[in-house]
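Paired with chain B in one complex and with chain C in the other, chain A is shared by the two complexes that follow.
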Partner chain A sequence: MAEKMKLGKFWIWVAASLIFRLVLIYFPNNLNLASRPEVSTPITSLRRLTEGYWLKQASLSPYAGSMYHGSPLLLSVLGPLTVKRIEGQPNDILCSLVFVIADVVNAMLIRVIGQNLQTSYNQRLKSLGLDSVSKSSAILPSRDIAALIYLWNPFTIVACVGLSTSPIENMAVILSLYGACTCRVPLAAFGWVMATHLSLYPMILIIPVVLLLGYGPETPPRKLFMQRKDGKIEDSPSSHQSCQEGQAMEQQDLANIFSWRLVIKFLVWSLIWSGYVLILCGLSVKQYGGLHEMFKRTYGFILTVPDLSPNIGVLWYFFAEVFDFFRNFFLIVFHMNILFMIIPLAIRLNHRPCFLAFVYIAISSMLKSYPSVGDSALYLGLLGLFVNELADMQFSFFLFCVYVGVSLLSSVMHNLWIWRGTGNANFYFATAMAYACLQIILVVESVSAMLNHDRKLTKLSIAKHQDSKA
Partner chain B sequence: MADNETPTPTPTPTPRPKQRPIVRLGIFLISHSFLFSVVCCTAGVVALLLLPILAKSTYISENALMPGSAKPMLSGQEVSEANRFVKDLIALNSNTPGAAIESQRLIAEYMSNLGAEVNYHKFHPQMVQFHPLHFFSSPDSRIIEQNISCSSYGVNTVGIIRAPRGDGKEAIVLVTPYNPGKIKQGEALSLGIAYSVFSLLTRVTWLAKDIIWLASDSQHGEYAAVAAWLRDYHMPVFTTLHTKSAEMCPVSNYLYELKDNPITERKIYDGFKRAGTMAAALVIKVVDRSERFDDSLSINAEASNGQMPNLDLINIVNYLAVHRQGFRVKVEKLWSLLDSKWLNVLGELFESVGQVVRSLNPQWKFGIPAADYVEGIATLASSLYNQALGVPTGPHGAFRDYQIDAITLEISPRASVDSMTRRNDFLLQGGRLIEGVVRSVNNLLEKFHQSFFLYLLTSPSKFVSVGVYMIAFALLVAPLPMVAASFYANAISLNSIQTKDKSTPATGSDETDITLRSWKWINAAKKVFVVHLWGSVVSLLPYFICRVPDLSPTISFITWFLLSVLSFLIMYLVLASSFSHAKASKFHVGEWAILKSVTISAAFIGLCLMSVVNFSTAEIGGLIVVPMCLMVYPMRLDIRVRTLRTLLRLACNLVLAFIGFPPVTFVLLKGAFEGFDNINIGDFWCWVQSLWAWSSATYLFIGMVHLPCWALCIHILFHHC
Partner chain C sequence: MFHGQVHKFQIKELELSFTQGRWNYETWGGFDPIPSNNAKPPGVELWAVFDVPQDQVDASWKNLTHSLSGLFCASINFLESSASYSAPQWGFRSASGSLRYGTLPREAVCTENLTPWLKLLPCRDKDGIAALMDRPSIYKGFYHSQRLHLTSTGFVSDGVDSGVILEQTLTLVLQPPEKRAIITSQETKSQPSWSLTSIFGREVNGRCVLAKSSNVYLQLDQGLVAELDNLQKENEMLVADFIGYEGLRSSHGFQLSVKPDRILEEVNGSHRNKPSLLYVFSVEKYSDSEPFDLGLTWKLPVVWSCQQAPLHASRFLMGSGNERGAIAIFFKSTRLSEELLHSDLTEERCNLQVKIFQVVPWYIKVYYHTLQVFVDEQPQEVLDVVEKIHVSPSEDKVAPGLMEMILKLPCGTKSAVVTLEFDKGFLHIDEYPPDANQGFDIPSAVISYPDFQASIQFLEDKSLETLPILAKLQEKSSVLSYTEVLLVPLTTPDFSMPYNVITITCTVFALYFGSLLNVLRRRVAEEERFLKSKDAKKGSPVPQFLSKLSAKLTGRPLETPLPPSTSSSFINSKLILKVVLVAGIAVVWKFYLE
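Here is the complex of A and B:
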């Protein structure tokens, strides 16, 4: 009964967020969100996409004139929508509707992912005999919370209404996670390939996706299962629906067996999809310099950071200051920063691939060359999936306040610098640095809270073990 | 939390290892937050009072300006021409019916006789309306009024000299507001000064920037005319719709009959003439009231939202006026402060402290004479007040919206300027000042950027820069995060102790309590968010009230008040009911403390934001909001204890809560400065109306920071715990 009421409330909130977006879409000129640097970066701006589409219609290369830097596929999908006008409606209404739909789909996918994580996690806890933990913490349906956080996050709303393509990019990332969680390997591969194709950075998500497919979704630390096995404690055979269908294995073993079959399947599918995407791209940019030009203008643009217009990241300021002959060196250093953290995190968090994906996304959205609030929207939404595990997170109130403060202050500083002329670039960059620090604290605190949670589980499990022995 | 050895699920925290120094420092600050907040707040107020002493003398920061390095070239010839022009203008007044058009034609004729390009700029003054989104948008997104009535339009006369040495990419603007229907002597004189400079500049060889002389039609307000011209200057209208509607008015057309005049024909243009980007603008006004001792010059610089022009512009004007032309330069003061007792006492105190300091070490320069101190405070208060209002103090304000540095020079002559020689002297003096300023600005290679944009003036030659006055503000708001943290920490620890006492056998619900400990602020945050949402609804209400015609200010205010209360009730019923299930029994112990800490955090964020947008508003708002937020404590707890301390605190809280209500604050402040004789509630409405008409951020501050904080403080004060 209460469950039903809760569910009803959830759908009411979802509908409310949908209506809220639709209302906001009707005031695009007044809010002027599409020209905010926080919302639309050179990669995600729809205005640039429109420009690219016009160039293409005029039989020019869409990449001519350094305006458009996105994927040619996005151009063919969204381009026709940007020119279509409906009488009496705002200009980009069709695109906005697409983004709204993408947002709602994203939220639903997050909810399904959450559902999946929850059930499998509970089953694994049960097999360890730690149901009490799960029962007490399951009061909060993390899936609903995550979906609502995603939908009602001001960042998401702003990114959606502000005509940036980040909802679509986020959708690709979430699709791949969803596919991996539910063992739909082709879908996971498709999501991963598309996400990489659209914004390059999600390439690092291959590790969490492979872990997800190999080991299945989140588990408590793996060595607990080993101990249980050693302890030879009888467990009721559970009818666990795992990815390895048809294999009647013991629950404990499941967590420790890496299913190479699925991973290889994933790799093959990725190859197929990327080949397919490349062929499509090649066809669409054939007469404009081919794939080479596309790679140079999209990935090259992301990696070499030629556009130094201000955004909420930290790279633009740095590369505006740095001497030209050091530029390549620092480009490598900055991009290595992301790669350095991949392996250690993967080793430490390999039993929680979804959380690992969250950490990767947060890190890359902090260090990427053209970040926007759309990226933050994605990782904050994913953070909602781990509410139960992160219940003991420190500084949550502080983080919240600083998030609110920094996001308001950054737009004020930008106004002070660009429009009023009384501030300067340092004012704005200071907020960008504060924002980066904030993200660092968020990642550090959430990871340490997660590790603490694992430690707690270990303690409980050992205690139980000893109890049963005694 | 995790380090428990016992098998029970309730975690018992073992004593932690020694913490890092920064954490220890934080804990130390938090545990002594009361002491620190008292010390910081007092220090903040003292620092604010010390500002006149800490003010530095102004200096010219941009080397290229070189004010006064050249000999003034304005001679008797230009002045006598200007005098003839002034006489002609004044003579026009006799025949009233066509005076407006005649005077415009006369000015245009004189301009074009000098060889300038002349054009008329017709404009329709924009109605004062409440556009809630104007606060956030850049000036170019203003909506052009649709219904233009032919009866009210103004005509600016614009003359442009092309610089012989320039590339036409930069310009300097001289503005002389005047009322063409009835030209007063002061207006005629200001036109005369501009004319003398203009006629000189047509002949000089050193000019590198174009000169624009805008004789703005001040029938519909000085500001509106300049703003309309600037808007058309920066936003070319490509569609003919707008111009057509202006052409439709029959009256406007016969200005062009002027073109029949063969002499002026070649120089007067139909279209809108432009020069380059504007480097600086000077608004010249001559005030009719005569000064007793000296010719004096007062400088008005505050633009909308407390923005100031670059300090260098004020510096060169001040330097040239004082050292070259012998003007007495003034900036606005709050006169009522000049003879206040306590300020004089304070000034003497600081003076004697300064003497003591100097006797200790002659190198330390601290302290200024008491009279100077009081003057400084009065100027500072006026500066703060004008900036905080966010209403520009003259037509120069319109320029700041386009990032152009501009000031208004109000020249008041010593005695009456009726006599010929006296008038000549006055024109020469004023003309040379303007010439010197134009020559300095002409030297600029880039736009003004060297000196300060964020400063407060304590006298024409002394300023307090942002680095100094921010200290006062930072000290004032520093206790907010500290107290918020301390209340938060206390509430959390209190709660955990309480739950432990209540039930030793851990049940499921207690477990959640503990696991969700770090997220408990969410409920309070929801509440605070809803109240802030209500604040924004309240700030939007005047948009609808304005639509109702013929409401007196008092009735409007009362409607506004009632609608606000109604919206509060509605919000409470709709939103609070959905949250109420959460607060059923779980979070009662430290609920008010957490709510207070969230309130304080919100106030802190709001004040910090406002300090960047408009420092003065934040400072004045901070003086009211900070004590209110820090002191607030539930009344019931105070009454329950009933000691002298708690009763004192209760009294303080009640007084602060009363003062903190925005209309009451307004009435008290107004009464303090102007006396309580003729105060009525409608005044607040009028004041607020003027705020949003100028899209002042102060309005947003009151609606979205001050009012919600006050409401939350009241809520905490009457909290049932």
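Here is the complex of A and C:
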């Protein structure tokens, strides 16, 4: 009964967020969110997409004019919607509706991912005899919390209503995680290829996706299972939740066996999908310079940071001020910073691939060249999946306060600098710095909390082991 | 001097103008050949048509800008970078492909640019009419524009024979010497009288001996002639049979100090207006003893207005703040278009064609899909009004944006507005000029009316062939006007802080890297102990050996069982490994570089 009540409450909140969005998209001009630098970056701005579509209709290259830097596929999907007008409605109503649908689908997918994680995690804990650890949250299960965080996060709402394409990019990322969690390998490959195609940075998600497919979703540290196996073999006929069907393996073994079959399948599917995407792109940009031009204008634009308009990241001001001689050096250093952390994180967190994906997404959205709040919305939504594990996280209230403070201050500073002319670029950059530090603390603290949680599990498990031995 | 250049760069046609001030189309006229040909945008404007293959045009242009920059002591070499010039297709002149067009709106024009221009004249400013070129009085005026037009009559493959026509024009709008004391409230409308000496402070002492002909022309505008006619009619009522010494009707309102050699009358076409008059004075017969000093004294206050272009165009910026804005070109109907409306009422449908040519620098990121046209304050479907459009969008730091457009406006249009939205770019700290807060200039747009020809036809006369300027006036060219230069303020970063920004950003990155790595490699006490016990059990030979070695070197007793020593020696070996690795990378790097 209580479960049903909770579920009913959840759906009411989902419906409320949907209605809230629909109300907001009727007043796009009053809010003027589409021109906020926090919302629309040169890559995600729908206005630039419209310009690209106009250029394409005028039989020019959509990439002419350094305006559009997105995918040609997105252009052919969203472009016709941007020019279609409905009498008496705001101009971009169709695109807004697409983004609202994408947002709701994202939330639902996050919920399914959460459900998957929870069941498998609980089963594995049970197999270790540690059921006492996983006490269900008093308010709502973590999957519903994650979905609601995603839907009601002001960042998500702003990104959705503010006509940026980040809901679509987020959908590709979530699709790939969803596919990997539920063992729909082609879907996972499709999501990963599309996400990489749309914004390049999700390319690093191949590691968590492969781990997800290989080992299955979250588990406690794998060492515990080994110890368990060394000790006495517990007869736990748990229904298997891993993707391998037909093989009645024991739970403990399952957790340690890397299923190469699925990974190879994933790689093959990725190849197929990327070939498909490349062919489609090649067809649509054939008369405008071909794929080479496309890569130069999309990935090249992301990697060389030529657009120095302000955003919530730190790179724009840095590259506006740095001496030209060092520009290439710092470009390499900053992008390497994302790549450097991949391996250490993968080694320490290989038993928690979904959390690993969250950390990767958080890092890339912090260090990417044109970050927007839409990226933050994605990792904050995924953070909700781990509320139980991260319950002991430090500074969480402080982080929340700084999030609120930075998002308010940053718009004030932007207004002072750009619109009133009384402020200075440094004011706005300071808030960007604060935002970067905030995300660093969030990532570091969440990783630390997760490792501590694992330590706690180990301790409990060893204690139990010794108890049972004794 | 130019012959070599023309040959070297294979120039078909070239025009260079230096202008200070803005031509006031409303009061100084906008329809005659003079404003259409000689009114130029402020600063430097250079365009050239080359007679070379398409792929060499840019190289020729670059060389040309450098040589002209040296010749005229101006920063024309800034037009060398591809971000500052454009290649119009049909909007500026109909010369496809090999035409290049560039402007420098902020170039200050002064006497160092005039001197090289005067040097091209046969007698410099020493003799002939050019002797009037008194610098202070020229630069005191409202407007001055020196123009240089080169046409080559074509190249033979070996370049044996090619003629180069060099045409130099100096257009001045001068302020007549005012006598404030005389002007009272009653006669505010009286035109100031003038003479060459009162304007320039110099006289013309005969012609330059090298010149073939040397003439001074005085043109009475159509409006003025009509006004004088009216005056005459009034006067005839009052005083019958009054004839001035010139015996012409135009003598009523004013008096000339010198008798003109010839008076030409315009052949009136379709206009109902009075024909304009041209007085020709030949300078040849004057000498030092009898200098030529043309003067004009108004006898009656006369007010007239000059002939206007069909539409008066002006351009302005909309919006506030430093993030985005919009450019608007505003057309207002003038008398001419109203007349046109009345005269063409019989026709089924009457359209007025307006050609717009606009170059926008790359840091003004124009959204061409936001093009909107309002006719009589009503928004119009773009496809209905725009007959032809060509856009070549700007490319960051590479090419400026270019828009060529033909508007088709209905004749009764009172006003029309074309708007385009743009985002303001953010530049690198080095790309700002020294006075960054002053703002950036958007060059003038060129507005032309292909339906209207700016030319004056004079009564055919055999002797007209001797007057080259008349041929120029009779040349057919469409009415053309330039809009204002726009000043766009762009946001500036803090110029004094590059080091702070670099250090602070790097600190944040180091914070991220360090703290995350620290969290990942931190172990709590139990794990540490566990590992140490494992280490002690195994005891790999290398660290043990190293620790022995270090113990011998330091002369301390060997303390293998103690964990700190082993760990330190282990670090030692790691350190050596790292040093070797770094050295290896350095060697490879060095090798690779060479």
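Operating definition for what follows: the second predicted complex is superposed on the first by the 463 of 470 C-alpha atoms of A that agree within 3 Å, B and C clash if a C-alpha of one lies under 4 Å from a C-alpha of the other, contacts with A are read in each partner's own complex, and residues count from 1 in each chain.
Quick note on the criterion: a residue touches a chain if its C-beta (ideal position, glycine included) is under 8 Å from a C-beta of that chain, and two chains touch if they have at least 3 such contacts.
These numbers were taken from a predicted model, which means no experiment stands behind them.
> Thinking of the overlay built on chain A, is A:345 touched by chain B (first), by chain C (second), by both, or by neither?
second
> Regarding the shared-chain residue A:320, is it in contact with chain B (first), chain C (second), both, or neither?
Second partner only, chain C.
> Is A:408 in contact with chain B, with chain C, with both, or with neither (first, second, both, neither)?
Only chain B is touched by A:408; chain C is not.
> Output check: A:266 vs chain B and chain C. Expected answer is one of first, second, both, neither. What do you get?
neither
> Using the superposition described at the top, determine whether chain B or chain C touches more residues of chain A.
When the residues of chain A touched by each partner are counted, C comes out ahead.
> Examine A:455 and indicate which partner it touches, taking first as chain B and second as chain C; both and neither are also allowed.
It touches chain B and chain C both.
> So, A:419: does it touch chain B (first), chain C (second), both, or neither?
Both chain B and chain C are touched by A:419.
> Overlap the chain B and chain C contact sets on chain A and report the shared residues.
419, 421, 455, 459
> Looking at the complex, which residues from chain A come into contact with chain B?
Interface residues on the chain A side: 9, 27, 29-32, 132-133, 135-137, 139-140, 387-388, 391-394, 396-397, 400-401, 404-405, 408-409, 412-413, 416, 419-423, 427, 452, 455-456, 459-460, 463-464, 466-467.
> State the interface residues of chain B toward chain A in the complex, per the touch definition above.
1-2, 4, 7, 9, 11, 133, 136-138, 141, 307-308, 400, 403, 453-454, 488, 508, 511-512, 515-519, 521, 525, 578, 597-598, 601, 605, 608-609, 612-613
> Please output the residues of chain A touching chain C within their complex, sorted ascending.
Chain A reaches chain C through residues 35, 47, 50-51, 53-55, 58, 60, 64-67, 306-310, 314, 316-324, 333-334, 337, 340-341, 344-345, 348, 366-367, 417-419, 421, 424-426, 429, 433, 436-437, 440, 443-444, 447-448, 451, 455, 459.
> Would you tell me which residues of chain C are touching chain A in their complex?
Interface residues on chain C, with respect to chain A: 320-324, 362, 365, 367-369, 389, 391-397, 401, 423, 425-430, 491-494, 497-498, 501-502, 504-505, 508-509, 511-513, 515-517, 519-522, 524, 526-527.
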